[in-house]
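All chains are identified by letter, namely A, B and C, in their written order; residue positions are counted from 1 within each chain.
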Amino acid sequence: MSAVRRKMSWGRVFGTLLMYLIGILWVLPVLWMVSTSLKPESMITQAVPRWIPEVFTLSNYQGVLERASLFKWLLNSVIVAVGATVGVLIIDSMAGYAFARVNFPGRDVLFMMVMATLMVPAQVTMIPLFFMLNEASLLNTHLALILPRLGVAIGVFMLRQFFLSLPQELEEAAAIDGASRYRVFAQLALPLAKPALSALAIVTFVWAWNDFMWPLIAISTQDMYTLPVGLSTLAGYYGREYGIQMAGAVIASLPVFLVFLVFQRQFIQGIALTGLKG
Amino acid sequence: MKRLFVVALLLVLVALPAQSVSAQIVVNFWNNFSGGDGEFMSAMVQKFNETHPDIRVEVSGVTWDDYYNRLLTSIAGGIGPDVAIMHTTHVPAYANQGMLLPLDAELASRNIPVDDYVESAWTGLNYQGKQYGIPLDVHPWVMYYNKDILGELGLLNSAGEFEPPTSPEEFRALIDTIHAAGHYPLSVEYVGNSWRGWYAFLKQAGGDVFVGNEVTINSPEALETLTFWASIPLAYPELVIGYDESVAIFAQGDAALHFNGVWITGYFEQIDGLNFGVVPWPTLFDSPAGWANSHAFVVPVQRGGIDKAKMDAVLTFVNWMTENSYMWALAGHIPTRQSVLESPEFKALPYRPDYAAQAETVVYLPQHPNILEIETALNEEVQAVTAGVKTPEEALKTLEQIIGGLVR
Amino acid sequence: MKSFRFSKRTSDAIAGYVLLLPFLIVLVTVVLYPLIQGLYMSFHNWGIFGDPVYVGLDNYRQLWTDSNFRSSLWHTLYFVLLTTPPLVILGLLLAAGLNYPFRGRTAVRGMIFFPYLLTVSIVGIVWRWMLQRNYGLVNYYLGKLGAAPVGWLAEARTAMPSIALATIWWTVGFNLVVFLAALQDIPEELYEAARIDGAGPVKSFLRITVPLVRPTTMFVIIMQVIASFQVFGQVFVMTGGGPYGSTRTVVQYLYEQGFRYFRMGYASAIAYVLFFIMFVLTLIQWRIMGRRGQ
């Protein structure tokens, strides 16, 4: 018995060390990105790479902030991501609740149709959307970037699942007391849905924030770029200037990193919830 | 730069009160110049703004990769710039889609000195009988050479200049000689747009990609020239590098020869200790020809149209820019105004008058709305051949199929 | 049998519609209408301005013989095959590794997951820099190990694998988290029993863990395949489809046809073919998930 246990603990030690190694390995690209951003341009392409810069400089950060509208891009990303998240939370919770609790004709058919849209890859609707928004003079606006995200049905599915899992007694009691369906939704069901809502919020925010192809298509002026698209233009503009590219990347990752440090648990729970329910 | 901006700003502020009658017209100008080119262009625009207080040209630079995508989206939305830079090769596609304004009437009514422009550059922007742009420059591919390395090998003439070879065998022998002597013979972006070099030789040998609706690329001339073009990278695989690296190697003084566009002249001039010369694209086959493209000013179609005052401002701006394209020549490009080409200041510039003469014999890709896709196909197939992944026969066959479908 | 109901059945039904309406309106506007419009466009030659020209099934016929389209499909399939097994297997293994408590577990989990939150351009920029042939970090360490420098993104042979490598680093965190949640549902007693029977960690992993997470594994695989088929961002930023088109994927081909060459009708046809492929894959997923009683 003790022999087995000893074998176990050596295995455990090895396993733990392995996990540490993997964790470090995973973080290396990010560290390299930061390290490169702090080196003067002339020292970046060296035959022998150094992790700790021999000479520290902030000139790359200066350069990228002077030449690129990084803060504007950041603001655009924030507006779009927040707008999309708020919009999704509102309309998806309403729809999810309706599907879960309310009996109305055509409910099941409508739900099937909504679920079917999950199969539609985003690219199929991009070109027609481009023309539609163009007609409505909405191209190159924040709305153009927010609207398509509101049509993603996964939130409706998640919230319906969640509401279905709630016990009906509370709602029944409220109904008997004469509360309208709307009140029950807003004042009873919704507050109880916090876990599902926060999971949906996190996932929606991250997906909206990182959206690349649609902003690439829908935005035409530099000042309206979101961060992902803006950063990719940085790579083309300063093809040989890796320091500036890395500085831009660091600045762009900083907000995400800080939020992640604080909300790691929530992020992970949110992703897991989507994964399990999906 | 900053001081210049402040001075310009002060000038404008001083000039403004004097303009009690006419308001300043703002002209939105898009271009895709970056790095050295970008700085020269900005300087020119600044000078224009200083000397024309009633017009303010605002520049928006978009990176090379993204430029045409942005232009497309904004023009499609009717919110395009007032005037934009466009490559001549792109004009047919955009004009075909109705995205550019034909300028014939506008030019005629304003006495723009059309005859002063180099003819091939001007007519290159004429598509289906309408004039869609005004050329700013011609930028051909030329051959740069390192005087120190070639001098060491005894390959320079008595005037210390290099006389390029005149046949493919001579050229290959030259490369072999330089390589045997331990030098990097030729830096060119084989992982990149090297198809331009081959295209020049194809035209020299009398071939072409397509004529009218007929695809002519799978021809004996094409096979001969492509086989020649690929023979060097196949013999010396270490030469297969990308654009940035090809420039860097020559700039560091390590490469004997370098194929590139004239736009890099300004960059090489700034490098201390780089002793280089430039010759026009070598004629190795029957008749002289070198690849070139050119930048032009175009006027996109806008929602609601452009009013006369704005068009006046735009054409004043364009006319001034080409008139003063001596400043643009400093970046290395060839101006398109005869008056500039014949001016003493231009003639006094190093290198540029040498290859400016080439402006007569440069060849552009034939005009076609699908030319961009054809260019991509040429680019990819030639890269595959120089990387040793495809034989010239296979590549030409693929090109015949693809281009045939595009020009039908 | 008290069947409670709100004021009146009809007004409750109305409430249902009202609650549903905002989402439904958005869905019709940004999904359903464009979906149908896209199909309509695919039957036309459709430029930016000017009138579209009806061409029937010509676009689809042309796609059938389009060698560039076919090669983009191959490239995409290659990418899917390069990324799916590692992402699924690695996700599960890492989750198993993180499934027992040890000091710093949360930190390690965070380190592996964090890249998922980065935007695709950052991933592309950083990896492009690391995979540079001459000054890249990876080739430097390869050299130290005695290996020859690899061409990575500059050579057709290694370009797609390079992109796959970056993608794996970027997104394995998502699978890790999903698997971790699934693993935590497995009762500890099963492992106890196995330990008592003398099973080592490998055996209990293969005999207990793998079979029990099968539904999640199926889900992850299908999600992975579907997402990989739509790959665009990383390829666009890291190689732009090169060298010489060898990494061009279906979505990039769609993007180029539509937004570089103005062939909106043709691009719509490509989109629909992609849709068809996704449709088939999703049906397979639902069939498998349904069978597992999920």
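Throughout what follows, contacts are C-beta pairs under 8 Å (C-beta built on N, C-alpha and C of every residue); 3 or more make two chains touch, one makes a residue touch a chain.
Fair warning: this is a prediction, and the values are worked out from it, not measured in the lab.
Using mean Cα coordinates as chain centres, the one most removed from chain C is B. The interface holding more C-beta pairs in contact, when B-C is weighed against A-B, is B-C.
Chain geometry summary: the mean Cα position of chain A and that of chain C are 15 Å apart. If you average the CA atoms of chain A and of chain B, the two centres end up 42 Å from each other. Residues of chain C found to touch two or more other chains are 134, 259. For chain B, residues that reach two or more other chains under the stated contact definition are 65, 69, 73, 76. Of all residues in chain A, those touching 2 or more other chains are 217, 232, 234, listed in ascending order.
Interface residues of chain B, counted against chain A in their complex, comprise 34, 60, 62-66, 69-71, 73-74, 76-79, 244.
Those residues of chain C lying in contact with chain A across their complex are 4-7, 9, 12-20, 22-24, 26-27, 29-35, 37-38, 41, 94, 97-98, 100, 102-122, 124-130, 134-135, 137, 140, 169, 174, 177-178, 180-182, 195, 198, 200-201, 216, 219-220, 223, 226, 229-230, 232-233, 236-237, 251, 254-255, 258-259, 264, 267-268, 271-272, 274-275, 278-279, 282. Contact residues on chain B toward chain C in their complex (touch as defined above): 65, 68-69, 72-73, 75-76, 93, 97-99, 191, 242, 245, 301, 370, 372-373, 376, 379-381, 383-384, 387, 389, 398, 401-402, 405.
Interface of chain C with chain B (complex): residues 47-50, 62, 67-68, 134, 154-156, 240, 242-245, 259-262.
In the complex of the two chains, the chain A residues touching chain C come out as 4, 7-8, 11-12, 15-16, 18-20, 22-24, 26-27, 29-30, 32-33, 36, 44-49, 90-92, 94-95, 97-99, 102-105, 107, 110, 114, 117-129, 131-132, 147-148, 150-151, 153, 156, 172, 175-176, 178, 180-182, 185, 206, 209-210, 212-213, 217, 227-229, 231-232, 234-235, 242, 245-246, 248-249, 252-253, 256-257, 260, 264, 267-268, 271-273, 275-276, 278.
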